[in-house]
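There are structures below to look over.
You will see two complexes here that share chain A, one where it goes with chain B and one where it goes with chain C.
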Partner chain A sequence: MLGNGASLAYVIPEGILGVTVALVMALGSFKPTRTRGVLAAAGIAGMAAALAATAAGVSWPDGTVLAFHGNIVSDGMVAVFRLVFLLTGLLTIVFAYGSDEVDTRDFGDMTAMIAASVMGMCFMAAAADLLMMYLAMEFVGILSYVLAGLKREDQRSSEAALKYVIFGAASSGVALFGMSLLYGIAGDTSLAAVRAVLVGHGFEPLGLMALVMILAGLGYKMAAVPFHMWCPDVYQGAPTPITAFFSVAPKAAGFALTLRLMDLLLGGIDGDAGASLGHGLAVLIGLVSMATMTVGNLSALKQTSVKRLLAYSSIAHAGYLLMGVATIPAIMGPSPDYTGFRAVFFYLVIYLFMNLGAFLVVTRVVTRLGSDDVSAFRSLGRRSPLAAVVMAIFLFSLVGLPPTAGFAGKFYLFYAILSQGSAFFYILALVGVANSFISLFYYARIVRVMFLDKSPDTRPVPVGALAAVVLVILAIPTILFGIWFGPLVDLAGWVFI
Partner chain B sequence: MVDHVLTWMTFSPLIGAAIIVFLPGRFKESFKYIAVATAAVPLLLAVQVFLNFDTHLVPDIAALKSAAPSLDPRAYGLQFVDHIVWIKAFNIEYFVGIDGVSVPMVLLTALVSFIAVLASFLVKKPVEPLHNSQAGIKVKERGYYALILLLETGMMGVFVALDFFLFYVFWELMLLPMYFLIGIWGGPRKEYAAIKFFLYTLAGSLLMLLAIVYMYIYGTAGHGEFLLADGTTADHTFNMMYFAYNTNFEWVSFITGKMLWVLFFIGFAIKIPMFPFHTWLPDAHVEAPTAVSVILAGVLLKMGTYGILRINYPIFPSETLWAAGAMAAFGTINIVYGAFCAMAQKDFKSLVAYSSISHMGFVLLGMSSFTQEGMNGAVLQMFNHGTITSMMFLLVGVIYDRAHHRDLEGFGGLAKVMPIYTGFVGLAFLAALGLPGLSGFISEALVFLGAFQTHRVATIISMSGVILAAGYVLWMIHRVFLGPLKKEEYAQFADLNWREWATLVPLAIIVIVLGFYPMPVLNLMSASLGALKDLVLAAAM
Partner chain C sequence: MTAELLIFYFMAIMAVGGAVCVVLPPFGRNPLHAALALLVSFFFVAGIFVMLSAHLVAVLQILVYAGAVMVLFVFVVMLLNLKKDELKGARWTPWKVFGVGAGLVMFTKLALAVVVVTEGETPVNLAAEGFTGYGGIHDVGAALVTTYLLPFELTSILLLVAIIGAVLVARRQTGGAS
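On to the complex of A and B.
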């Protein structure tokens, strides 16, 4: 366990982000109407620097290091999740730069808040203490509420922000109550201490109750059923680039925190009490997973707003990801197996590319045509062939069809849960497969509209050079990880070695 | 001589598709020529495969069962093999090769794809609205030719892949181009037909995916280590050959085996299409442009029966025996039901579509017999149906291009106006009903010969399918070609143009030659099918 001074070496990317936030805020206070490019460049440069540092191995220890007196962990998992958060944040700023939904007046604030919330997410993935967990969660949460309400004149956006706040406050209250119960049981906020006490005393109902409450708070972050109600309204109301950010980053952070919590409390645990709690949680999460993907997919079927449709689709994807989290029984016992947890990370990376890609296309369409209705996408295949073709790639990847990366992700998840070898997981896999099938209906509907339907307006829809480049950059991994996902498997190997 | 011939056959269309996609728009007149040149590459390589294929090579099943897995492809009866590790983390390999079961399909795919590309050429500019022109493609040529070549890559890949994962990727790869080809260039109800095709196939293949992943995890447990192409060993494998030959898989329980068998079978049965999963086919055919119908009927349907022979038969022999009666029964239903439906059709194209369902029933019946004649008949029927049905759809396209409708009641007397066309129709449809001297007869006769030994009742009922076929074929000829002309302007119809000649003649030659002398194709498959039959029957003991 390291002291504060020595710990600094393990939070260098977060430090870079902190400097970036300060810099962007300072720059933003000058002539806000002319500095959009400068602010975007500063934000992107800061993110890119943190990304490059992480990729180069900075603050990426070989084993596990407990820093700041045991408040945070630094290990491979934190590092690979940093990559996910940073990449999402970076791309969001690029999207927002070209979108007219973010006012130039607000651009500096937005950039600073994105960078800050990415920093918070890195701490979510690293938290090893209940207090740290809660602080990181709230930090990200509060920034998100503000980001959702960025379009101040727009009623939808304000409504989204308000809904987000109310739901967020309620769920984090529940989570906090759960944490306080654990603190009451253990007399300490460190997860290691909680684990020790729980192992010693068995998991009496209070411990289970506390965990379920914490999971409810996290379920809100991941937009899992039944804590998903905020999601469509917020996604629809927020500016599209921010929606893209919400659909990937906080969700990934919620999953990172859940995986971390499960690992620290139950990883490698022995004894009957732990085993029964683990199995109970697995069934609970499995059921939530089934409900989440089914509700998400069925609700998406009838949507006419593409942003809302993608919101429900992201709920469904949270359901797929929860299948991987449900493999808790595998991480217990003397020879823990983290395949399911790795599959979650693996899927998140792929989801990052395909989902951000789809949202970027929506961002461009909203900016050019002023609508995110399905009908706005009519004849996009003729009006903007590049955007339509890459959109089709992203959507088919979201369905999970080979040779796209989405298939590799589903394959890894199904592999992980079928390896569990119990009837419950077979049923879970079947529900997952049935849901992949249902999802084809609504994704294919957008594809149909883009390529098969005729539009009265046949003028070209220019996507812009920057967006075109970014779209291609996102489409390449969406295909590449479908036919060559070996390197990504290796990267996922860093999540719990 | 070309090395890595199967890899080239599979991916050369993809290269052509990429060229077409990235060429600037000012070359748009040359897209179709690039497409036809690209499709010619697999066809030329198919000739090389045909000439160099060793027809006597079979796996020594008894020796393989006791031997350790080896990397020698000839031990498994495989030829033209390319085998490298693809994704090491999951022991996924790029493993392609062919034996007697796949070689007729590879040849068929190369041939039919080439003809389909050629059949898409537009001979003269259409006067009618564009979507009415079902044969020649004028709108969005770039996308059309790129997709049809991508489709060829997918189909070829399915027939050469010997790794489960690779097989699945190719299997799904062909879904997307087909969806767009029907959905964009199809007839009035194209959206409905395209999505129906997509959903049906996806439902089947997702079940198959579960079965594949399950086998990867559990199918290999306790069977020691498997050798990968790079010489390392692995605990789990996707290699179909190891599953088929190296291990005696007494599946965890027989129930598990049956379940896996059924999961695979449903995936394939949808593609055949087997009753009651057949309803997507008439819709897809009626809406698809001619060339796409040709590929759909000529090649895609065979993937279903091929998959059963490639996966269900060798990997689950005892389960296959368990299900033989059901396969024969469904085959019989397909034959009779398809023929009755064909008789009731008013649309020329749906008549051909339903006749396809009927003819694919013969394949199912033949392969469920586990006799040399029956199995040979089944695979020969797959090949023959590919050529005959392609002709039939091309011929329907010919009349549709001229009359812009396909109503069987709306013609009459065309024999006088288009004598050469009528001749080709006679040839193709009589071959379909199994007239002796044409290729369809040989395969149906072989199927009956083989199946009668195993499934007497089913065979006797199925025989009625031939009579029913005579019914719908002759009645069709009667309505369309004989009697008075229904409309004055039909007297102005031109007979076949050069494109129609070029697409029909090669197929007609094959149909006639194989009708008299089927040995060139039968020899290719006979030895491998004999070994496959022995492998299945050995499970009974």
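On to the complex of A and C.
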């Protein structure tokens, strides 16, 4: 366990982000109407520097290091999740730069908020202490509320922000109550101490209840049923680039924290101590997963707003990802197997590319045509061939059709749960496959509208050079990882070695 | 039953009773009365902190919650200035009945679980265990800048960004930089 001074070497990317926040805020206070480009460049440079540092192995120890007196843990998992958060943050700033939904006067503050929120997410993935867990969750939450309400003249945006605050406050209250119960049992906020006491005294019943309450708070972050109600309204009301950010980053952070919590409390625990707790949690998370994907997919069928449709699609994807989290029994016992947890990370990376790509197309359409209705996408195949073709790729990848990356991601997830070999997991896999079929209908509907439906307006819709480049950059991994996913498997291998 | 236990029960009942009065009629009907009921709850929670040797937290509870947060609540109540007919009693809907039922089940389960876990535990004598300055300014301050330095610093960044967020949300869309 390292002291504060020695620990600084393990939070260098977060440090870079902190400097970026300060820099962007300072720059934003000079003539904010003329400096949009400068602010975007500063934000992107900061994110890129942190990304490059992480990729170069800075703050990426070989083993596991407990830093800051055990408040956070630094290992490969933190590093690979940092890559996910930073990439999402960086692309969001690029999206927002080209979108007219974010006022130029707010651009600096928005950039700073995104950088700060990414910093909070990195700490979520690293938290090894209840206090740190809660603080990081609130950090991300409070910044998200502000980001959701950025369009102040739009009532829907204000409504979104308020709904986000109320749901967020209630769910983090429940999670905090659960944490206070764990603290009451253990007399210590460190997860290692909680685990030791739970092993000694048995996990049930208070430990189980506390964990369920914490998972409820995390379920809100992931937008899992029944904590998903805020999701469609917030996604629809927030500016589209921010929606893109919400649909990937906080969700990924919620999953990172869930995986971390499960590993620190139950990972490698011997047979009897946590067996019933682990199996109980697996069934609970499995049921939540089934409900989440079914509700998400069935609700998406009827949507006419593409932003809302993608919101339900992101709920459904939280359901698929939860299948991987449900493999908790595998991480217990003398030879823990983290295949399911790795599959969650693997799928999150693919989801990042395909979902951000789809949202970038929506961002451009909203900016050019002023509507996110499905009818706005009519004839997009002729009006903006590049956008329509890459959108089709992203949507087919979201369905999980081969040869796209979405197929590889789903394949890995299903492989992980089928190798569990119990009846419950077979049923879970069956529900997952059935849901993938349902999802084909609404994704394919957008593709049909883009290529087959006639629009009264046939003028071309220019995407813009920057957006076109980013779209291609996002489309390449969406196809490439479907065929050549070796590097991604290697990266996922860093999630709990 | 010792005197300490009696005092604890008194404070606990007052704290929970105050919290219940915040939402239930007759106090819950009037926002200002509800805020005052919350004040009672805050005070007795502070009392429980004192009994736990958390002196600094008890003082902060009074200063920050009973002081600052309460002023904010009263300020908001006065700002909204709701009329009498806007404060009609809430109606019972099936969902609310379901919610109350679920809450009661949850409460019973939690209470039973707490009883099971605390069975056979005996109180700890802090002074005998060597925690002489426990809960005082010195000990809390030392913990904040050593063991909990990272959460402490992170909180300061969070507060900074939250203030900027609040300004951002409150700022007018059109019209000069003021």
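Quick notes on this one:
The definition used in the following text is that the second predicted complex is superposed on the first by the 495 of 497 C-alpha atoms of A that agree within 3 Å, B and C clash if a C-alpha of one lies under 4 Å from a C-alpha of the other, contacts with A are read in each partner's own complex, and residues count from 1 in each chain.
Here is the rule we use: a contact is a pair of C-beta atoms (placed from the backbone, for glycine too) under 8 Å apart; a residue touches a chain by one contact, two chains touch by 3 or more.
A quick note: this is a predicted structure, and the numbers were derived from the prediction, not measured.
In the superposition on chain A, A:F123 makes contact with chain C only, not with chain B. Number of chain A residues touched is higher for C, counting chain B against chain C.
In the overlay built on the shared chain, the residue A:P456 is in contact with neither chain B nor chain C. When the two structures are aligned on the shared chain, A:L135 is found in touch with chain C, with no touch to chain B.
Looking at the shared chain after the overlay, A:G63 reaches neither chain B nor chain C. Of the two partner chains, chain C is the only one touched by A:L143; chain B is not.
Legend: residue contacts after superposition of the two complexes on their common chain; A:V489 is shown touching chain B, with no touch to chain C. Once chain A of one complex is fitted onto chain A of the other, the partner contacts of A:P334 are absent, as it touches neither chain B nor chain C. By the touch criterion stated above, chain B contacts chain A in their complex at residues 87-90, 168-169, 172-173, 175-176, 179-180, 183-184, 190-191, 194-195, 198-199, 202-203, 206-207, 209-210, 213-214, 216-218. Within the complex formed with chain B, the residues of chain A that make contact are 396, 401-403, 407, 411, 414-415, 418-419, 421, 429-430, 433, 436-437, 440-441, 444, 448, 451-452, 483-486, 489-490. Against chain A, in their complex, chain C makes its touches with residues 109-110, 112-114, 116-117, 146-151, 154-155, 157-158, 161-162, 164-166, 168-169, 171, 173, 177.
In the complex of the two chains, the chain A residues touching chain C come out as 4, 7, 18, 21, 25, 32, 68-69, 71-72, 103, 106, 109, 112-113, 116, 119-120, 123, 129, 131-132, 135-136, 138-139, 142-143, 145-146, 149-150, 152-153, 161, 181, 184-185, 201, 205-206, 209.
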